[in-house]
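Sharing a structure below in structure tokens format, with a few things to ask.
Chain IDs A, B, C and D follow the sequence of writing; residue 1 opens each chain.
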Amino acid sequence: MPSEFTITRQVEFHETDMAGIMHFANFFKWMECCEAALYRSLDLPLVSFVPGQVVGWPRVNAGCQYFAPLRFNDTATVKLYVKKIGTRSLTYVFQFHKGATLAAQGEVTVVCVTADAAGDMVAQPIPSAVRDLLQVAPESTWTVA
Amino acid sequence: MPSEFTITRQVEFHETDMAGIMHFANFFKWMECCEAALYRSLDLPLVSFVPGQVVGWPRVNAGCQYFAPLRFNDTATVKLYVKKIGTRSLTYVFQFHKGATLAAQGEVTVVCVTADAAGDMVAQPIPSAVRDLLQVAPESTWTVA
Amino acid sequence: MPSEFTITRQVEFHETDMAGIMHFANFFKWMECCEAALYRSLDLPLVSFVPGQVVGWPRVNAGCQYFAPLRFNDTATVKLYVKKIGTRSLTYVFQFHKGATLAAQGEVTVVCVTADAAGDMVAQPIPSAVRDLLQVAPESTWTVA
Amino acid sequence: MPSEFTITRQVEFHETDMAGIMHFANFFKWMECCEAALYRSLDLPLVSFVPGQVVGWPRVNAGCQYFAPLRFNDTATVKLYVKKIGTRSLTYVFQFHKGATLAAQGEVTVVCVTADAAGDMVAQPIPSAVRDLLQVAPESTWTVA
């Protein structure tokens, strides 16, 4: 039952901006990449459009603190921590490290939804297949000193 | 029956890269923005997911020649010309001007698709609602001297 | 001395994701677009690479709450409020409205930097040209009831 | 002396659009990622801002043919072939495979530039460090039957 998950990525040219650093919005994309990799590792679908089993995880809150820039060709790790498992929502903390340097720390809350008859998103309890596979990470593991 | 359509856009910070210019992939996004604006102007849906009336226009070919860079805050026009109306495909030419300077010229061919019973994309004849509203632009209007 | 600034944008096809809604990271791009438009309206450079007068505004904190999705072709306003003017930092609040619906609310803190001799970013006091043109918006204007 | 180079990537959620497939502009980003990986493998800088040794490779032409869509979580290879080594330009062909399926084929021509005294881009001969490390791939290797 993982409470943490790590991916490694390299900053691509198209992810930089004219200030010569990774554009701040891309950190949010990398958080989502890490979340998707976690789901793949658990053999769980991150999204499902199967009628009657529609599952999605729209974001209700996303934030990031930036401590040091990432630059083209930099290799960085993105580490996901499960901060909170609610009835219908999950909160993740993400840490971006470039070597020993904490470049950024993010937090994202997602809500589990399905589709109602009209096709609109409706919050639903987290499927047990997901709940049974995740575990909250101790706060000490991700709290920045 | 329009054969041309023009939009004006300003280069945003996030569209630049570390070379200080608009990233080359963004010209393709701007072409699509112009195409979408044309469809809105004609009150036609660019995409429809209505069962039985699914319409989409996936790209089968896209190209761009770059003559001069666009930079942050630059204002540029994107002009679409209908180059060819086929049975199931449309070909557009796009010209990007910054003032009198031709910054780039692109060409995109899209195919009209619907969804088959399995949900896969299948090419279909261009709906008459679209065909009746478009007209081929004379080659002289978009040929670069 | 503006304390608010509003732009209007339309959701482009490339800004959507497979869930059929505007991807959550794009809200951060739109916030930056609004900030850039404010600077243009004040005739201030958002970024300057002139040696000795280098000015940039890297983000140190960015967050967004999502209340309702935006979809392809939706028109939305992004309204910037100056929340706080610090010595070296500015905090903006952003509200996204689709008609009367508050779709999202964000907050971004940027720090004013210049480049030191080595080319690294160093925080500096906000230039008076900027400080003199901005004014804090009353909290009542942007607080969600 | 490589004439080919291959990377493997997985389609991320943010790379999809509301049609449920990887947005067509992202294929151009992947081509650039493959080119950047080739340069890293050769220990060559793709871009250099060192005064007097500024090197960049702006695109003058980019195109892509799309044969089959890529979807979220799909793993695909991007294979670069050196098609032509000119005096100041390089032309690459890129093939995207998902398993045995050719999903797309692209072609990009880049020009080697340096910066003149005013900071503007000026075409220059390809540095020998680059020229000596690349080799043209036989046309038979990348021609689609």
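The definition used in the following text is that a contact is a pair of C-beta atoms (placed from the backbone, for glycine too) under 8 Å apart; a residue touches a chain by one contact, two chains touch by 3 or more.
None of these values were measured; they are calculated from a predicted model.
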Pair joined by the larger number of C-beta contacts - C-D, A-C: A-C
A-D, B-D or A-B - pair sharing over half of the B-C contact pairs: A-D
Inter-centroid spacing, chain C versus chain A (mean Cα positions, whole Å): 23
Euclidean distance of C-alpha centroids - chain C vs chain D, Å: 33
Junction residues of chain A - those touching two or more other chains: 13-14, 18-19, 21, 25, 29, 32, 47, 72
Parts of chain C lying in touch with chain B, wherever the complex brings them together: 12-14, 29, 32-33, 36, 40, 46-47, 72-73
In the complex, chain D residues that touch chain C: 13-14, 16-21, 23, 25, 72
Chain B residues within the chain D interface of the complex: 18-19, 21, 24-26, 28-29, 32, 47, 56, 58-66, 69, 121
